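The structures considered in this document are given below.
The two complexes that follow have chain A in common; it is paired with chain B in the first and with chain C in the second.
So, the complex of A and B:
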């Protein structure tokens, strides 16, 4: 980086109050992480991050969108958006067969998903703020959610809990609040965009 | 997997309510059997009775039913179980922790120990045939 570009960056940081950070989306499989990443990216970049599917483990590698400029809470934020593969304790190719995937392809998918989980865990070192995405229609007290939150806390990474899928009639986002009262919880629908502005405000608040 | 009452040998299937309430004979200690053909007598002869009689399991069973798993009927296994249950272990025994954090159950079927992986433990993969693979160094650069 040249001296001039360093100077420009310094001026931007001082006068435009721009905060640069990496935002990682963690959570269980099919919690709606990619839908949420797409929503954020569409709102601020006008393009999607990745493909959404009802088949578990659609996201099997870390997907990045860099230089996402977000204006929230009276500030301008520049973030790298990191959509992580869903975390799971067990991956079984047989779960994919009922979606019409051939056995060989399902086994390959399971292998890629396992590698993706390890990759997501390694990327924790690069994450400044974590969105832990939970499916409001499901019980939030799971081994994966508890382990992920405990680890983020141990690493002192700021966490925002996202109670997603509130557009679903069976959603009970209050269960997320009740289960994890020590965290900031934002109830959203990545699908419809409901309350998404509250999430941006929470992100702006979390970067200090 | 069946659970067998150590007192009357009555066998209960996995989700029986008796496993939560206690056996109809009043006992609250069950033997969890992986190998169905292991009899209660064989289990007792193997040293399990010492584990149960040593007090800790009985103490636990006063408030809730306790299931004891018998993997193989020998003294070493009984000692391991005893240690797992918090019963006074033999002087030379030590607690066994699984070494692997990824288990390949079958092709396309995996189990992951998320706690271990997130804690940054070295990557240890256990294959279907019991061979362990260690990745050193297991932390590669991201970016």
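So, the complex of A and C:
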């Protein structure tokens, strides 16, 4: 960020009580990042960020929505919303075949997904605040989650853990709290919007 | 019966290498079908770099890795001081090819590796 843009942000913050920052959505594949990005974008811009699919790696490049104005915690926040590709340590094109995708298309999807993961990792040092989205129906103590959190912590980037999919009967959001007690955890359903206001308040709190 | 080869790497083997060399030597062994056990926890930054390098290497014969770390990430001033004084940070890292290592289950103090073809 240039000195001039930092100065403009400072002026906005001081005189307009408006805080401008980038918000990155990180997490494993199919944790519900795009559903959550869509929920936030629909609430404040009236339009979606990207397509949601049961097929893994639907989001294969960083998708951005700029100038999302959020009012929460008595403040006005202006953010660039960054929906990141899900991070994984393996991508086998054969896994896509079971969804009825042709072999050549599955191989192309796998190739794009690998590039998306590299891009998401590069962006780890560029976001101002990170939402690490976890699927409450799954064990949160995975190496991908630990690696993402470790990288954000090393860069001193504020983190909010989002225990997503609480609408699912098998959800156990308390496992997220138990696994990562040192972080703020917000339980939400990106699908139904349950507790989404609490997330906006947590975001407002995290930007200081 | 499928053979499984496990390679244990001591901290001293890795300590002389540059970070990129260290990660590429780990990945080279894993691409050869070996499960690598490091006598130290990788840092979160190294793990992210290893995942990036893995993504660049993925093809029809190499679908990726399974990785898990036991112990605190070897990052920060404390870890740097320990290494500077010739010591090593407590913990270990397991990396294996995902075609062989189906899952690494973790509890705070225990890793269980499920491998086989």
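Things worth noting here:
One rule holds for everything that comes next: the second predicted complex is superposed on the first by the 195 of 208 C-alpha atoms of A that agree within 3 Å, B and C clash if a C-alpha of one lies under 4 Å from a C-alpha of the other, contacts with A are read in each partner's own complex, and residues count from 1 in each chain.
Everything that follows uses one rule, which is that a residue touches a chain if its C-beta (ideal position, glycine included) is under 8 Å from a C-beta of that chain, and two chains touch if they have at least 3 such contacts.
Being a predicted model, the structure only gives us computed values, none of them experimental.
When both complexes are superposed on chain A, chain B and chain C end up clashing with one another.
In the superposition on chain A, A:106 makes contact with chain B only, not with chain C. When both complexes are overlaid on chain A, the residue A:61 reaches neither chain B nor chain C. When the two complexes are overlaid on their common chain A, residue A:153 makes contact with chain C while staying clear of chain B. In the superposition on chain A, no contact is made by A:76 with either chain B or chain C. Of the two partner chains placed around the shared chain by superposition, chain C is the only one that A:141 touches, whereas chain B remains out of contact. Once the two complexes are overlaid on the shared chain, A:22 sits clear of chain B and of chain C alike.
Applying the stated touch rule to the two superposed structures, the overlap between the chain B and chain C interfaces on chain A comprises residues 87-94, 107, 110, 114, 117-118, 121-122, 124, 143, 147-148, 151. On chain A, the positions that touch chain B within their shared complex are 62, 87-94, 103, 106-111, 114, 117-119, 121-126, 143-144, 147-148, 151. Against chain C, the residues of chain A that register as touching in their complex are 87-94, 107, 110, 114-115, 117-118, 121-122, 124, 141-143, 146-151, 153-154.
Those residues of chain B that touch chain A in the complex are listed here as 102, 107-115, 117-119, 123, 139-140, 142-143.
Of all residues in chain C, those touching chain A in their complex are 43-45, 47-48, 51-52, 54-56, 58, 60, 63-69, 73, 75-76, 98, 104, 106-107.
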